[in-house]
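Report on the following structure.
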């Protein structure tokens, strides 16, 4: 359906470039806009102002600094594992972005088990974090790694269950289909807004966002990092570009999860199809949506990751046992209830 | 409130007991963790050696002395005015408050008393240093618990107080403004009006902290029922200040002794809390900061006019004798036991600093808690390294 | 809501009768182990007990007198410092220094003493209690059974004065390195910072040529 | 004033409100009473109060090298050397006076703890506090400043501020 037919190699190249941009651009924007600026404003200061206008080049300065630093590994570390760990974390991010649809034709892959794939791939980062914590030969890192493993696995579950509600309602596990469904459905016959699942699946959305917060190890769920207790936990021993990779992965994953949340709950790249008279069944979406879609997605992602960061800057952190209790005793039962409710309503209507 | 705290305490204890049982069954090996000397939670160089079973502390021992400056020895080679410049470095966040008990002890030995205006200004500056100190505590508390924003707000509003202290004394951190017999100088013009403005900002800051931290459910669940110190234990270990009052002991040296300071001229209240847990300690400090702003406001309104210096000889020789004066400093009871032999300088000064006692309870209170609680309990006990090591 | 337990009325500040009561209670319990006492009107009370009655005196203070708040414990070396303040002119002959040992309030017989302070929080008064420690082997019983908080204070006193505390579980150094030699707060321990550098206050004004009788304006 | 048992708004939302408020306050233009609490240091500077103890300035002519400051310094960081000189008499026809002339007046700011005792004891008004604070050095040894440097700082010494109402009239500096 693309306007021009590209040879396979060009498509591959485009995909790789697009994937890199889709990971790095949100990461950079989130770091600059939220970590540097919003956080500073919330703390009555201006943040970086020297590098570039309003400090906009600060990130490049930081990356340059990190690249110059020596790549250290502790003496007792399991060096091969230690060096691999950050890459594993970053790989998970890249794999995640592969299923995110940015427009009617602007996607990297489009397959039917998209939701399933996304949930499976997102837990690869747990492995990387555990590897980093274990191989660092540092007690703080070990504690951080173990905390991370426990936490990420605990919060995987409410995330899966929250997404399940969406899957039931949409009747598909294809992310592209979910987007189309949200934009072409109607709320009680009124299709002016489509049917973004944030309205019908609000509980699911809330649980998903809480789980995302935990998966990203952002405050109030940042015990694996916990700089005031564990001195950055599993990242303690890393320096130079390996630390940079962790850093990128943290914020890139925040961006990708925001993208996924906007796909699942906010209608993704689409605008309500009724506005332009598109037909979901035949897929007669105008081609310009391939350009507008990514912009819409990025906007939605910014809002969501802004909220993630806002919460991060405002809250203190939980204790490990409180966090586990919260996951198992509150989030999972609530999300199970949500699934039941969705299923009943789905059958009823 | 108490039933909530009780419930949390009980579930916490039950969880700990369950963990302990499991660990005995599994015969897990312990791990020794050095928290510090360079660690963000020790704001300074305190080292805490903890023996861990999983994340649970089996045994903990603070190891101080990384910053020992030997002030008690240094005072012996200095004259009385020189000692004043030295002692305000003990608790560097509330430095003016460190000078006052020493000066009062010397005045007691010389049997002179500062004129009323000097007493008023002393009291005001004393309370300002309390606000500067405890205000930073409130922000730092957030950092220890993982909230990054409060500390910047604390620094922002503490800056106003430091500016006031600097405006009056010339020193932001180390005023060295107190003299035997009075003060170095009177207040500069416009200071009173500015102080009133700042006190309003500080009350606003307290409200902000209440909203941002103390009302936060996560914050409460982290602190309530954690690190409970019963009153008897607190007294045995000589805990003082907010730590003691949080255990329900109604004891405040500003009220409970007669010193030539202006505390008995104002209407204020000593806050106590029955729980004795970390939350109580932090909560008391918040209330006291607000109370301090009110004290300062009242004192500014009633400031008498007159001289600020009593008649003292040009070269100060303190008569032979011994004197003990302690005051309610930001961290707790800070006292000097001054022995003079009629010389230019003191013969021996025993510095009783609050943090030394407050931290000596750490091995007792840290047993059986989790690693994150180590940090929150330490933060709530509130110590300044210079005040431990002197 | 018990959070804001209100302040009670200002408790009456202590009178000297209360302090006399303290001395009396100690005398009743200890007999002649109470060696000396001093009450400064409207100020404070000092008592000195025999070395072997130190722990017993602590119990009396805590249980009978009601001073259950432990304030501090420390030592004092009554020997005048042989070094002065380090403000001597190295070119001039060393000044004569009085080296007679003269103890402070409540007297004493030895060079070093241990003293502590405990407070009665309900009646608002404190007691300073002293005890001599022998010159040759300074040691005294530990106060930990009476006041648990004495632990760190005794460790500090041990390393700073070399006073032993019998029954203390853990007399490690608190501040100093483990293999540090000497006891810094003893008066015969020199403060090197003041000895290695000449005092800059020594008058260094060159007189006019041919005017060598001139003294500096030092006074 | 006590923390309410059941807050009307959940504390979590209130916390978000506080940070949002602060952000709005920071983004508000300076003119409207907003702005950040920080200043961009090398571009704009805060003026320290008049009494700020920034650096000690020396008026060399007033110094009689009486050594009082060097003696009262707790850190022993003032080094003075001088020599005697004949100065023209004050009144016409009088005998020439013997005055102490300063050869060296060094303050080691690496040792100085800014207590101000020297300024206070100086009987001849030769030492002053200046709020100047930008004199950091890359090497610690360079912090030993001599009398020319100390003399240059005399320009930055402000007039003593007026006193608050109710203060006793004071003579001297």
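So that you can tell them apart, the chains are marked A, B, C and D in the order they are listed, and the count of residues begins at 1 in each.
Please note the rule applied: contacts are C-beta pairs under 8 Å (C-beta built on N, C-alpha and C of every residue); 3 or more make two chains touch, one makes a residue touch a chain.
Given the structure is predicted, the values throughout are model-derived calculations rather than measurements.
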- Item | Most widely separated chain from chain C, with each centre as the mean of CA atoms | A
- Task: Report which of B-D and A-D is connected by more C-beta pairs in contact.
- Result: B-D
- Item | Interchain centroid distance [CA atoms averaged], chain B/chain D, Å | 27
- Message: On a C-alpha centroid basis, what's the spacing between chain A and chain D, in Å?
- Response: 53
- Item | Chain centre separation (chain C, chain D; CA means) in Å | 37
- Whole-Å distance, C-alpha centre of chain A to that of chain C, is 63
- Query: Which residues of chain C are in contact with two or more other chains?
  - Reply: 1, 3-4
- At which residue positions does chain D touch at least two other chains? 1, 3, 5, 12, 15, 18-19, 22, 37
- Query: Using the touch rule from the top of the page, what residues of chain A touch 2 or more other chains?
  - Reply: 42-45, 313-315
- Note on the structure: All chain pairs satisfying the touch rule are A-B, A-D, B-C, B-D, C-D
- Query: Contact residues on chain B for chain D in the complex?
  - Reply: 1, 78-79, 81-82, 84-86, 89, 117, 149, 153, 156, 159, 163, 166-172, 174, 176, 184-192, 208, 210-220, 283, 287, 290, 303-308
- Flag every residue of chain A that touches chain B in the complex, lowest number first. 39, 42-45, 139-140, 143, 219-220, 222-223, 226-231, 313-322
- As the complex stands, chain C meets chain B at residues 1-8, 10-11, 13, 43-44, 46, 68-72, 74, 76-77, 80-81, 85-86, 102, 104-105, 115, 117, 121, 124, 126, 128, 147-149, 151-153, 160, 173-176, 184-185, 187, 189, 191, 194
- Note on the structure: Contacts from chain D onto chain B in the complex sit at residues 1, 3, 5, 7, 10-12, 14-15, 17-19, 22, 37, 48-53, 72, 74, 113-117, 120, 129, 161-168, 170
- Can you check the complex and tell me which residues of chain D touch chain A? 12, 15-16, 18-20, 22-23, 25-27, 36-38, 40
